[in-house]
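You will see subunit A twice below: alongside subunit B first, and alongside subunit C after that.
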Partner chain A sequence: MGTYNLLWSIAKRNVTTVLLGITISDRCVNIISVTGESMHPTFTAADRVLQGDFVLAERRCLEKYEFSHGDVILFKCPSNHKELFVKRLIALPGEWVQLPGSPKVTKIPEGHCWVEGDNAARSLDSRSFGPIPLGLVQGRVTHIIWPPSKIGQVERKMPEGRISQI
Partner chain B sequence: MARALAFAWPYAKFCIVGGLFGRTFADWCASVASVDGESMSPTLDGHQAERMLVEKRCLYTYDFTRGDVVVLLSPRNHREVLVKRLIALPGDWIQVPENQEIRQIPQGHCWVEGDNAANSSDSRSYGPVSYHLSALLACSHEFHTLVRAALSICGLYYTSLTFLCLQVPLGLMQGRVTHVVWPPQRIRRVDRNMPEGRIMSQ
Partner chain C sequence: MSGFFRRLAGIPWRSIAGDAFSRALLVAQAYCAVHVVDQHLCSLAFVRGPSMLPAINLAGDVLAVDRVSARLGRVENGDVVLMISPEDPRKVVAKRVLGMEGDSVTYLVDPGNSDASKTVVVPQGHVWVQGDNIYASKDSRQFGAVPYGLITGKIFCRVSSVISFASLSF
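Now for the complex of A and B:
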């Protein structure tokens, strides 16, 4: 009987911790490992999960969808819903983006945004799959927390002269 | 003061844990949502304040079947939630209704449609512009076709019709509707249902 009580209280505490953990990771903040080279030099190029940078992705922004130009965001890839991509947000709905290397200018439709990787040569981003619906966004990367040499805030940065608002 | 806190604390704990559990359950297992609008009638009718059960377990493996009624974020407005029927999965060939075009659904995308589009040629379901025009001018079938053609040239009809038929990335899916749970006289299962001859699957 005593054992049963002890087990029950341990179980209760574990379940509460798990629930709290799930709620925090869904709604507040999440730790993600970044792999791939498309955001070099902001994030280290890496092939495997343990070699990549670990970053803090905050999910509070989703409630109001408050994004600024130059934010690094986490989103589900439009051509593969099981994969998460990390890229920089370049343009918001209603803005005009000039595709690099061509005089063509595209308007971002409502509810969509334009994302690009910092390492333009090795990045699969909106230049290939077009503007993405804002509903695919899963969070915003705010800080790098590992490795220790790179601990710090992830800066907002915008490439010059790529967008205009009309 | 301390005694009042000590008295209230177990209840507060219970409420907090209950709230966490409820939220986690609603996000990961199933939740109840209300229906608005007419795009899914007669399957789901917004006018009778119906509530539907949305199950989220399909999102673990993105295990959707053609004909499911799904809940998704609108690609045009990330704050809006749509309820539509999933007609085609990636790789399928579908005939787009408004212009007889045959299109292949790209990887990671799917085609969703409201039931009402298939059921009636009454432009009431196609949005405010067409509704008012048809009410004013109706109503032979030939005249409807003429009106639709004229509006699509102006780009107005096409806009409101594509609201009901969309190609969307699968990442926008938020759940699948399995049952209607309110009002009591409308409790029933929501079945899988495919419109005839629209798709050719791989």
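Now for the complex of A and C:
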């Protein structure tokens, strides 16, 4: 009798914690481990999952979908919905982007955005798969929380002369 | 004056604070449970508009949405899905899936005015969606195949129909 009650109360407490954790990670903040070198030197990845940088991604921005140039965002890969990418937002809907190394300019359609990695040589981004719908965005990366030497806010940086409003 | 402070000290602050805290915790737990069920298991959606006639009424229907199948990738041709509009991320639209990745889809470019049709292959990770009412629907024929990641749920049941209340009064 005593054991049954103890197990039931432990189960109740764990279920509450799990529900609270899921709600917080859906509505407020999420902790992501960065793998891949496409955002070097902003984020450093490593060979194994738990050795890379850990970053904080906030989800409040998904209520209004208002982003600024240079934000680092987390989004689902357009060709594989199970993978998450971290890249920098370069252009918003209605702007014109010039692809590097070619005279062609592309207009970003309504509801889409152009993303690029900081490490241009090793980054699979909008230069390959084109502008992505804003509905794929899953959060905005605001802080690095691990390793301790890199703890701090993630800055908004924009490469010069890539976009134009007209 | 001192009588006032004595009465103030007599109020059981600790037990009131304890009660308030446990009730607030109960409200928070209920909110979390509702949020998790609504976003990850099953939800209700009120859908209206002409693009899915005759399946979904113009005035609106309440539909039951299954969130688990969409997340597990179990959406197939012929399913009606709820997805974030690729033209405005704040809008959620209901359309029918007519092509999965790799499928070849043939569609009428301008059904009201001509018989011209086009065939397109759906890229990897994308789906082709169309409204049942092709004369009044903005779908993949205009904005192309959409990434599977935009799908938020699969509609499996109609819970109520707004139009059935209106017809009784006539």
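The rule we apply is simple: the second predicted complex is superposed on the first by the 161 of 166 C-alpha atoms of A that agree within 3 Å, B and C clash if a C-alpha of one lies under 4 Å from a C-alpha of the other, contacts with A are read in each partner's own complex, and residues count from 1 in each chain.
In this text, contacts are C-beta pairs under 8 Å (C-beta built on N, C-alpha and C of every residue); 3 or more make two chains touch, one makes a residue touch a chain.
What you are looking at is a predicted structure, and each value in this text was computed from that prediction instead of being measured.
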* Asked: If subunit A is used to align the two complexes, do subunit B and subunit C fit next to each other or clash?
  -> clash
* Asked: Given the touch rule stated above, what does A:E66 touch, subunit B (first), subunit C (second), both, or neither?
  -> neither
* Mind working out whether A:G111 is in touch with subunit B, subunit C, both or neither, as first, second, both or neither? => both
* Structure fact -> Both subunit B and subunit C touch subunit A at residues 16, 19-20, 22-23, 26, 65, 76-82, 109-112, 132-137
* Parts of subunit B lying in touch with subunit A, wherever the complex brings them together -> 17, 20-21, 23-24, 27-28, 62, 72-79, 106-109, 168-173
* How about subunit A: which of its residues touch subunit C in the complex? -> 16, 19-20, 22-23, 26-27, 64-65, 76-82, 109-112, 132-137
* To do: Quick one: which bits of subunit C touch subunit A in the complex? Just the residue numbers, please.
  => 28-29, 31-33, 35-36, 39-40, 73, 83-90, 123-126, 143, 146-151
* Over in the complex, which subunit A residues touch subunit B? Could you list them? => 16, 19-20, 22-23, 26, 65, 75-82, 109-112, 132-137
